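The first chain written gets the first letter, and so on, giving A, B, C and D; residue counts start at 1 in each chain.
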């Protein structure tokens, strides 16, 4: 997150936004944000959103996610907004939309993610490699 | 790809490997490679693998992909190996496995991706925003 | 759709609902609707929703979809509600929620799908096997 | 499974095949097997494959799956072959390929699934709605 310059924005129970200013070294030849970067901010937003609903001392882990890339990701900045669809003791299902933001602060949806996040309780963590 | 230090390895028709040396700034607090980075090299490998089967002058675009994160991504380096499952004139379905490689060059599977890549013919490219 | 007794409900541009009355032979040992049936009505709703935005004479085909199963699917009936997130000339991205409906007509979200549908123009149909 | 006439074939630790004879009422207008039916046998095969590696007294539940539909599903019969990619105490990741089988017993790959199955220990089952 530091590497790409992403920042945590809105944080509410079950909802999190992460913003990312445009940077040339995050784009492909065509000037569009790389799909991997789009995915990185969406996944991070999903993880944090799930985390807001977890008990104190928990850790969070991405189990799986799926991304549909809808439009070229070009803009002044980008926002990933994640919302928990279904919280759970162990697994949470989260959805994230990624928007490109232009000079006039207008948002265009460029990608959407649906994923599963896992809650790691501190003293269960050792079991993780075996899930 | 440059930003994270990934390099193209094996390239055969329909099969591509991308390797990534360990770097501390690509990891999370726990020392594991960030899921976004794992996804980035898997997606890039999928794109290149599909590209090897496309006609000259084509461009390639990720339509969608899904990743299952299987184990903590810790290693000396990482390899994403992608293979085209079904090539097509417009759409190709590609699978990628991401391995962590230890000091002894042993590979452990840490993630697996299944995705769809799209062929952009040069003179169709302008139509892209509308797919 | 006939086989399982599903019926088309609401149809608006880009939005379609399909309903399915409970039937014992569609359930598993535990009385919950089989995941395959949940998926079938979600996929059909996605296909129809995309179809409502396609030009006359088109056919529609599922390219891929992903389903998260959120809660046991038990109810008097079930409704799959699909909405097009991004229409396109060739590919449309569609999301569907599947609800269990109880005696009091209250809906509980039991599954959610994110998928890609493809438009087949009549005279392109022959090319389909090669996409 | 009974409803559509599917049958369990090969069963080995971590590998299961399910077969389905052609039946007109499982197809769409064009004579191809409905995507929902393709998914149903793939999901069932994934569940059984994960189940073969679980401790006695377990139940199995689909958490999520993703399907890419590769070619029209036309054949004399169909086989879904699932293999566990990564078993785990709670979650297992499974891949399934669905083949159309012609008169000469030749198999053509028509769909591929990647999904997550969950192990339900008998005395944990009551907790399920909360996962």
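Going forward, a residue touches a chain if its C-beta (ideal position, glycine included) is under 8 Å from a C-beta of that chain, and two chains touch if they have at least 3 such contacts.
Remember, predicted model here, so these are calculated numbers, not experimental data.
Considering the contact criterion stated above, the chains in touch with chain A and with chain C alike are B, D. Farthest from chain C in terms of Cα centroid separation is B.
Of the two interfaces, C-D and B-C, the higher number of touching C-beta pairs belongs to C-D. In this assembly, the C-alpha centroid of chain B lies 26 Å from the C-alpha centroid of chain D. If each chain is reduced to the centroid of its CA atoms, chain C and chain D end up 19 Å from each other.
In whole angstrom, the spacing between the mean C-alpha positions of chain B and chain C is 30. Across the assembly, chain C contributes 63-64, 66, 68, 71, 93, 116 as residues in contact with two or more other chains. Within the complex formed with chain D, the chain B residues making contact are 66, 68, 70-71, 85-86, 93, 95, 109, 112, 114, 116. Note for the complex: chain D touches chain C at residues 2-4, 25-26, 34-37, 39-41, 43-44, 61-69, 71-72, 128-129.
Taken in their complex, chain C has these residues touching chain B: 63-64, 66, 88-91, 93, 116, 127, 130-131.
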